[in-house]
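Only one structure is covered here, and it is reproduced in the block below.
Which chain is which? They are A, B, C and D, in the order written, and residues in each are numbered from 1.
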Amino acid sequence: MRLVAGIDCGSNFTKAVLLAQKSSQGSSLLGKGRVKSGINMEEAAQNALGAALENAGLTRDQVHYVATTGFGRYGVGFRDIQITEITSGARGAHHLFPASRCVLDIGGQSTRAISMGESGKVRSFKTNDKCAAGSGMFIVRAAKYLEISIEDVGKVSLQATNPQPISSVCAVLAESEIINHVSAGVSVENILRGIHDSLADRAAGMLKRVGMEGEMTLIGGVALQAGMVKALQEKLGAKVNVPPDCDYVCALGAALLGHKRLAARDSLASAQLVS
Amino acid sequence: MRIAAGVDVGSTQTKAVIMTDNGDRIILARALVDTGANVRKAAENAFLLACRKAEIPQTDVGFVVGTGYGRYNISFGNAQLTEISCHARGAHFVCPGTRTVIDMGGQDAKAISVGRGGQVLDFVMNDKCAAGTGRFLANAADVMGIGLDEIGPLSQRATRPVRIATVCTVFVESDILSYLAQGKKGEDIMAGVHLAIAKRTLSLARRVPIEPDITMTGGVARNIGMVRALEEVLGMKMQVSPDAHFMGAIGAAVFALEKMDQSFEFSAWRPEHAAGSGH
Amino acid sequence: MAEARPTEYRGSIHQRQKELMLKWYERLNEAAETGTPPTASLMISGNCVELLEAFGAVPIYPEVNALQLAIRHQSLEPILAAEELGYAPDNCAYVKADIGCYLKGITPTGGKLPKPDLVLCNFVGCNTYVKWFEHTAELTGSKLYVLDVPFSREQNPSQADIHYVVRQLKEVVTLLEEITGRSFNYDRFVEAVRCSEQVEALWSQIKHLARRAPSPFDAYFDAITLMGPLYVYRATREGVDFFRAALEEMQAKVADHKGVYDQENFRVVIEGPPPYPYFRTFRDMFAKWKACAVASTYSTVGGLWEFGARHDANHPFESVALHMLAQNVSNRNYLQRYEQIRRYIEEWNADGLIIHFVKSCRLFSAGQGDMRDYVTKTLGVPTLYIESDLEDPRYFAEAQTRNRIDAFFEALEHSKLTARAV
Amino acid sequence: MFTFERSFEECQDLIADLSLERVHRWKDQHGGAGVIGYFPVYAPVEIIHAVGMLPVGLSGGGDRLDIQHADARFGSFICSIVKTTLEMGLREHLKVFDGILFSSICDSARNLCFVLKRNFPDLYVDFLHLPHNPSSAASIDFLRGEYQRLIKELERVGGKQIAETNLRQAISLYNHNRHLIRDLYSFRAQSPHLLRAWESYVLVRAGNFLPVEEHNSLLEEALNQLAQRQGKPRDSIRVVVEGAFCEQPPLDLIKLVEDAGCYLVDDDFVIGQSWFVEDVPRDADPVYALAESYVNRAVYSSVRHDFRAPRWEGLADKVKRSKADAVLFLIAKFCEPAYFDYVLFKKKLEQISVPHLLLEFEEKQFTFDRVRTEIETFVESLVFD
């Protein structure tokens, strides 16, 4: 049995999973761990991996191969390979929902639309740049302003009867619009749903540009918000899958690809792409 | 004795000022509250608080001018004027030599060219994007995990400021994070942040003629780091009054007094004027 | 609210222009159904519609279709459709709306639009137009001809410039003969040029009425109402009749001192196209201040005639060439536009300039900051600079735009009042 | 290999030097002879050379010039090179020039021409109208006339008549220059592991500042030494870069693309340097020859419209010729000609199923985390099955 660790070094949290490949019958998830990233990626990765090992009741020397992903992927000295969070996110989502052909990843600052082939291989993708319009930050700020906890946002938004659209392209300026709504007496649920709708609009635009088809899987922090999922489902008229713990999807994808590379290495091909 | 008030409903904070005019115009009281989600309430609280501080019943206030982006939500306001007019008027009242106003608030930055009578000759504002505003600083402070009032002094200790790539208030976080990861010093990062905003603000301000005296208004004026950074890129000193972030409210109050002694007939005094402008 | 409602131009002309535009769309529909009359796509600015008249062919103006959609709040859907195809958020939204409509089979009236027999790109400065027509030809499979008009790089066009354009005009004649199977009717061409000459004279007289205070019409918002017929019917009798009637109606208003507003508080010059998706909202923001546009550069996209230029039936080809080269705002260089604005401000005695930056159109907007610098610092004239778009509703920030406009007029008013006080 | 590696560094410094010290030196050495700057993409450098002046290709300020004044003149939604060029003027970096040439490449650049005119009334600023209707015989005659107008202006500015022999000589010098650049490119396409894209890029771009004679010998030396260069092939995909014909991407971005696992086997960087696909004929009237070559022998480009030979076919051929696996669209933010062409390029590539990636850049960009992620993902999507 070969054991591969996938570590997702995000800007807020570092997540690690341990994946075992039983040569013939697929792979199985043995453990996972999650720690705050802080400013030292190496350390965070060590700790996350440690947590995963503990969770699996295994030891470091049993890990054959380490694949890192996420914005800190290069900051981890003990990695065997680094993979972008787009590639790993697609693989992870595809592993959990083999029928899904595209992935939407809405994180704190970034939104990514990815379309993929049968194998979970990335076909094309779009990411927002330059401006955080349409990112999860939109919601975080709104929640702060409306003085409700981020956990409740999803539920509240579901109660909306008459959503109010948000037109501003800037996550920060949107606040003034929100405030105008509030002072115009618009209810909190209608505002939140309005925000979810405008996020869904932007996301739909990106998905169409990468060629949306078949099922869609939503990952990233925003996936926890029921209101957002509903908004997307209505906007896209497609099935939206939400992984049980969407936090680990990229780490999982990294581990899966790690296994591929490991197999390749075993069959003598020299490990590529390690810089 | 005439008493008037100015209420400036900003995106982050709401300010109210009570002024009186017996011979010369003096400020009786100032009040500052967080705007929060309920703009109407915030305006009321600020106004009542100011009256209490001035030790007058609110009924003594003869005329109230509202300003700031929330001005049309002031239930008790008699008239509304834009924050551009009011900042210019306020700066001119507090620092009569003012020819240029640089205002940095929570969500917008503006530059105003002011005439000798305190009238606006020209102005520019940031658009569609909160890049390089007070909020940008607040965010930076959050990421660094320090208080908004500490970042200015901190930035003054910088030896080699970093380059900040983005002016997006949200993206600046990842910039700062990667600098922290590279082990850069907090003061150098914050100095970089201040410099980035100062440059952006100046390239905005250059659209109007920048002539001394330059008066800085708005909440950010309380940040010494920002003041110094701006003066550095400007190559000129600025006047920063302790009342800097009350300028809008003061200007509004001055206009209110002028209305009361009939100095001139503004269209803004006509009640129907607010119509067609509501939010 | 009564105060804030714009007293919109509502003469019989308003009705008549609606009829004329509908009639145009009917002819295009007929062309789509039956294959006749022959049609050709043209760019509004600096066009050679007189040539089409000589063949009894009807012009298709993609810009008019695009702006009609925007005014009817229907532009976003086609824009998104085009972006899905790969057009960038920062591509001209006129193009995206037009391409999107083609993809989705949307038309402003619901009637059919024909596949143009010729995609005739009269290239007058707008590089975007070359791409636009190239893409249209690629999508429709229509024949493409780019009539290359040298940009105005010296004060006046050279003989070589005129000669170059005339040679191409004659190539177009041959091409149209092949495509339509009709022969070039020279007399009809001369007659068309004569009509243009008369329409231009009338339109110019109307523009000059705005020098009176109060101005009988708004030279931005109302001028736009008259621009449809100007583009589609310039070279026809109907056009001449329409503009004669329009002039008479305006002269009548001047005679009994009727202005756009009961009292004209401010006179402004407006630079740049309007935000069509918010046309009415935008006008209301000026109406609230009783601010009347007395001149505008946008109303000279079709042609700049208030300073005396005309088509000339005695030199039909040369004068068509000259119109394309020098007498439309698109092919004139930036400094010539500064000069045009300066004359408007002085000769139409305006209080200030409004610059409306539209992200779609770099021909208009690239460098408007320098224009602002020139007008405020060199001419010392108050100028307001606002940004949005002429077709894409996503770029109009209503609260911010209103705030700037209010601040601008507050300042003008304050200055006037303090000046009086001193 | 010492001199060889050094010439790369020298070229980098040359490109990075906003004070244009090298150009100043040339001017001094030539008794204050005229220097004519030209805004990308193309200018008839042969003519400038023939009147004894130095043609200098302007290519923006990169990330070494932070924009303080130009933002106030060219607002949002305008590309960086337009702003940095104006900024260089307003910050007195353009003092060395006796004239600046623009041509009809896009609306922003065209307006910049006249904004410069207003802000620098003493500088000779001219606009060349390069024809957009190559299918008309009239266009060659027109361009010939336009070039003659330019010659008159340059003679006025330089106070010196042009001799036809000089023009013939200039034409052969630049023909040779384009030959050498073509050789460099084909060497790179043959053995990308022996010549990195950024290396050939700096060699070619140096030609923006050097007299053609010097640039020719630099290129000759480089080609000689390349023959002996050793190197181990990397495991990379072969990529054609399209869209960076005007504003130039930061050098670090070009390096990053290679480090992410791409061989850049062809590109359109500083495309003006290799504008003609064949020699400009030497026999005929040289001015006519230049005009005729612009109409009939020019490389395909997003700012030149030749409806006889669609640009997307040009790209398809390029991909075939260079045996590329994919196309990387490297487009300057707000570059409208590139944005428009992307649509039809994309359509064509999808017909012949060539994978492609669109990346936007700004010359002043200096952090590349997002771009790196996108390029690596693209490479991974081609490498992993």
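What to note about this one:
The working rule: a residue touches a chain if its C-beta (ideal position, glycine included) is under 8 Å from a C-beta of that chain, and two chains touch if they have at least 3 such contacts.
Keep in mind the model is a prediction, meaning the values are calculated, not measured.
Note on connectivity: the fewest steps through touching chains from subunit A to subunit B is 1.
The interface with the largest number of contacting C-beta pairs joins chains C-D.
When each chain is reduced to the average of its Cα atoms, C sits farthest from subunit A.
Once the centre of each chain is set as its mean CA position, subunit A and subunit D turn out to be 40 Å apart. Subunit B and subunit D, compared by their mean Cα positions, are separated by 47 Å. Counting partner chains per residue, subunit A has residues 71, 130, 168-169, 176, 180 touching two or more of them.
For subunit D, the set of residues that touch two or more other chains comprises 71-72, 76, 333, 369.
For subunit C, residues that reach two or more other chains under the stated contact definition are 86, 369, 373, 385, 387, 397, 399.
In terms of inter-chain touching, the protein chains here all touch one another pairwise.
Residues of subunit C that touch subunit D in their complex: 85-88, 90-92, 95, 123, 125-128, 130-131, 134-135, 138, 144-148, 150-151, 153, 158, 160-161, 164, 167-168, 171, 333-335, 338, 357, 359, 362-363, 365-370, 373-374, 385, 387.
Remark: subunit A residues 11, 39-41, 71-72, 75, 109, 130-132, 135, 137, 145-147, 168-173, 175-176, 179-180, 182-184 touch subunit B in the complex. If you check the complex, the residues on subunit A that touch subunit C are 167-169, 176-177, 180, 205, 208-209.
Interface residues of subunit B facing subunit A in the complex, by the touch rule stated above, are 11, 35-40, 69-70, 73, 107, 128-130, 133, 135, 166, 168-171, 173-174, 177, 180-181, 183, 279. Residues of subunit C touching subunit A in their complex: 80, 83-84, 86, 394, 397, 399.
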